[in-house]
Amino acid sequence: MQRFALIGAGFIGAVHAASLAAHPEVDFVGVHDVDTTRAGTLATRFGARVLDGAEVFDASHLDAVFIASSTDTHAQHLRSAADAGLAVLCEKPIAADLAEAVAVSEHVRASGVPAMLDFNRRFDRDHAELQRVVASGGVGDVELMQLTSRGPSLPPSEYLRSSGGQLRDQTVHFFDLVRWISGQDPVSVFATGSALVDPSIREFGDVDTSVTTLTLPSGALVQIDSVRRTGYGYDERIEVMGATGLVESGRNRRGNLTRYSAGHVVLDGLHDGWFERVQPTYAATLAAFVAALEAGVEPPVSLDDGIRAQAIAEAASRSLTSARTEAIDYP
Amino acid sequence: MQRFALIGAGFIGAVHAASLAAHPEVDFVGVHDVDTTRAGTLATRFGARVLDGAEVFDASHLDAVFIASSTDTHAQHLRSAADAGLAVLCEKPIAADLAEAVAVSEHVRASGVPAMLDFNRRFDRDHAELQRVVASGGVGDVELMQLTSRGPSLPPSEYLRSSGGQLRDQTVHFFDLVRWISGQDPVSVFATGSALVDPSIREFGDVDTSVTTLTLPSGALVQIDSVRRTGYGYDERIEVMGATGLVESGRNRRGNLTRYSAGHVVLDGLHDGWFERVQPTYAATLAAFVAALEAGVEPPVSLDDGIRAQAIAEAASRSLTSARTEAIDYP
Amino acid sequence: MQRFALIGAGFIGAVHAASLAAHPEVDFVGVHDVDTTRAGTLATRFGARVLDGAEVFDASHLDAVFIASSTDTHAQHLRSAADAGLAVLCEKPIAADLAEAVAVSEHVRASGVPAMLDFNRRFDRDHAELQRVVASGGVGDVELMQLTSRGPSLPPSEYLRSSGGQLRDQTVHFFDLVRWISGQDPVSVFATGSALVDPSIREFGDVDTSVTTLTLPSGALVQIDSVRRTGYGYDERIEVMGATGLVESGRNRRGNLTRYSAGHVVLDGLHDGWFERVQPTYAATLAAFVAALEAGVEPPVSLDDGIRAQAIAEAASRSLTSARTEAIDYP
Amino acid sequence: MQRFALIGAGFIGAVHAASLAAHPEVDFVGVHDVDTTRAGTLATRFGARVLDGAEVFDASHLDAVFIASSTDTHAQHLRSAADAGLAVLCEKPIAADLAEAVAVSEHVRASGVPAMLDFNRRFDRDHAELQRVVASGGVGDVELMQLTSRGPSLPPSEYLRSSGGQLRDQTVHFFDLVRWISGQDPVSVFATGSALVDPSIREFGDVDTSVTTLTLPSGALVQIDSVRRTGYGYDERIEVMGATGLVESGRNRRGNLTRYSAGHVVLDGLHDGWFERVQPTYAATLAAFVAALEAGVEPPVSLDDGIRAQAIAEAASRSLTSARTEAIDYP
């Protein structure tokens, strides 16, 4: 049984609270949030306590802490957890600044606490099956990968302004998937993009529709498209072509009803929102972390995985401006 | 908030216990089972108490009771719940004997307690969408329905011996679906079957592979096939053809991975077992019952629905022997 | 090279003329029709001659004759071809009357000429693959078959009046497919039907929507549904479930375009008419006949196959009236 | 009726000969080839004559000429046809050298003869439907296009050596599709590639696996992947995402058989070869050219379309070396 505290009682904090409460090997001790009212509501709902800033890192009654607070607090909370000797599961990114992320990561590593970054898409049932097929040689040597990341609606302008741009904020998940699925660290990247949905975001250098090309050390090529707003729901898709075949984690429809009429066959559409598609991955991510803690093995996603995905996003963002292939430097 | 007791702590009782514990409007008070050890284990797991035979019908601390005990106890528990003034949700059937089922149903109706039969397949997401399409005229007047009910493995011989036969035990769910989807009570039935998987079940007059044809008052026709053991997993499928189109609640695959190789495209298969396919319907059924209680309206499936499906099964079973169309008599 | 005459220059005659003209091993000599103008038009279009009633059976300049004239002339033309020593490919049925069909078939067999009935659906690419899978044990022993035969529109009343009824006219093709795919002659049949599209056809005892259940000697069961008019195009589908798996020749859509919009995914619909779906089978049927002639082997569909399918249709038609299972007597 | 001569009696010439012979509005007069034996065989098979180098451009007995000879002869034959006043349908490219192509195109335009380039993929049934959907605003303003061009096997080294490289030889068809579908001329291009199948082709600067990114004047983005050898057959796919939806011309499977077994659903695979997939487009291309001639309107694909696609290929080929975005200059 692992005793957990949760930091952050916002939307995603509430999602994690439900996972913590439902997991049979987790004792969900308490919630901390700078907004104590919000923390209280969430704690009550799941039979946990409200924890203050000291209690949430008190190893006498905790084994692990789940960091789901705002991005700018991740680094500090990671350091605190490490100093307290608590295992830590953290939402991405470690820190918006890559150098800071590296420093924190080294601090945590030095402490020896188990740490995992919440790259939840690795725990999507279909993506995980795809990774197993590729890793076990099911399509032969990887030659071409295509990843589609398309959200249904543009986030608010304030969010975008502090997001670091589409490639660092949205595409970074898929940079991680590329590394994980291929088992390779891309060597170079080209990216280009447009602000088609809201031209005003160009003012702070952002794009809402972009395509990225990565080259792997083996010469294999990767195409990623990132879209902030589709007209047809949430669309996420991965295909991997190898020398002997292709495997695809396809678009997910929200149901399996089919209607035939004159001239047309109509199926249920894609999910309206990203959350409906992604929801099952949160509990699966937590389960993987808990299983690692119970088994005393390394969690399946490291802080270094986060740093490497971030390094790709940095190079991709440079390419957006330079209009040329950029080498990727991993710290 | 509805205070519930659960009767029956076997496999399906445990499924319902999880639904009761997770429902935000339910206070899961306690569990009763003739096997008190089993009841205790389940109660502990979900933070409920063990209730004895009197406590489980005590309206001073309960609003509703969920009957998930063995089939031969349903009738008595339904009467007890009615006498205690408790709302009741009951696994099918009311009673194996149709006359007894009618008597119990009338007893419950006279008491005025809300009662619902757990025809859970009505709460399958796709089946429910299909019913809405048909009921709203989406395919025009119904002309032809096809229902497929195929389990992955033959139940044990002891189970089959006391099951009443495939049509009463397995197909009865689909007789209910026909009535619900078409909004009509079938007038006649023809059925034929074979014992292809285990010829020895012929000794007690049973079949493991059967087809049933129903005629609705409108002249519309219905084909149902019932199979106890497939070689390819659990297969449930409904299609409804009307004058202007067709709607289908299709076979459900367990994932959405696709593999292309020379000559073939391989998709994830159907679910291995019935439970994986049907699981979400249990919580949905409970939710519908609770919603009806909270709103003070009739629950969406009545005991009479159970009796009518059973009456169809009786006539179908007669046809199996007579090799001719049998009229259906509803009590 | 096989020298062919064609009898019948109507719609289906024109289809066969195109196949004859395009086949590299066929010398399309001429066309005969009681309407010589129609024969002339067709002959001109495909570089053939008009043949009179004697020339069309003249073995000095012909090897084979293709009978595509009206149903009531098939028997006589088959006898003439046999007497002339010409190989013969004939549209179904041999004769509307089963006894007459048997007599003609024996006459042709006695003559020793190669003869084939044009059960063209056996030459559908997908159906033929399905048959190979089943025949090679790909699904284990056959346990359950489902066949769907649904046309897009009700034929004219005059046609229906002389058609012999839906089971003899439409379903007979699928009785043949059942025999061919299962490799078994059904032993008994139950059928029921309704006149839902045009109630007036009840006056001459016909139905437009019917379901048929066949039992094979192995105990395997077969469901066939026959529909004269759908609201969604031409629908033909076969599935065969065996002890170890299932194989399906699915609904054919007219193209492969997919449109995603909010809430829906829209595919190309089924073919509007039966001809678009079935067209490629005509050339394939001819090719199979020519290949048999060239190889000096028995053609793949015999006149006896026609008689056996007709015998099933007779028993099924009796069941429509008797409302009970009827034994099938093969002549 | 249009009188046609065919130049070139190789593999693709034979394909066009069959189309010419089958078209009801075409009088297939004769065939010219430097290999007169080959020309004779083809002429005999389709009831045409062998034409010498003068006869094939003799407007006294011809209306049009179809150029299907080797690439290096296209330019000269186009000039000869123009000088003779013959309509001309020509395989791509006009000339390997872009400047030469421009000169020839201007010569032909000046002559006033109807001329069409055989960009046959525009006449694929699904691609053409997709184009209509996009052009009619069915997905809103185009924002992102993805095109997949994957052949099943690497062409012989000699072919590759003189092909101009993958982007000029294979991808050029898809550059044309991009222009046609979007109705826009791309402004810039980035391409990168690898020699994964046969590293030796790097010696002459070629690649066998490449990805190309185009930017349209509207800011819309295009991703194209080009693969010479897959392990799973011939794969061609187009999707167009607009502001309100997405339309896809999907992977084509060679049949519609589905097999269910434990754990898997197996569909028919993609076509083994490119020709099976593309074959119907040849007759459709010819039909469109003939229809334009009969109607006296401009053929639907101009020589200028060929030049523009070639100009994109030139810029893309430059990018392969420069590793940066290249502007596209249209002559």
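In this document, chain identifiers A, B, C and D correspond to the written order of the chains, with residue numbering beginning at 1 in each.
Simple rule for what comes next: a residue touches a chain if its C-beta (ideal position, glycine included) is under 8 Å from a C-beta of that chain, and two chains touch if they have at least 3 such contacts.
Here is each chain with its UniProt name: A, B, C, D = Gfo/Idh/MocA family oxidoreductase.
Note that the structure is predicted; figures quoted are calculated from it, not measured.
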Among C-D, B-C or B-D, the pair whose interface repeats that of A-C, with over half of its contact pairs matching by residue number, is B-D
Outermost chain relative to chain A, judged by CA means, is C
Between A-B and A-D, more C-beta pairs in contact link A-D
Rounded to the nearest Å, the gap separating the Cα centres of chain A and chain D is 42
Dist(centroid_CA(chain B), centroid_CA(chain D)) in Å evaluates to 58
Touching at least 2 other chains, the residues of chain C are 139, 231-232, 235, 244-246, 260-262, 268
Within the complex, chain D is touched by chain C residues 22, 125-126, 129-130, 133, 138-139, 244-252, 255-262, 268
Chain A partner, complex, touching residues on chain D are 139-141, 143-144, 146, 150, 190, 192-197, 209-211, 213, 215, 218-221, 223, 225, 227, 230-232, 235, 241-246, 322-325
In their shared complex, chain A is touched by residues of chain C numbered 231-233, 235, 253, 260-270, 272
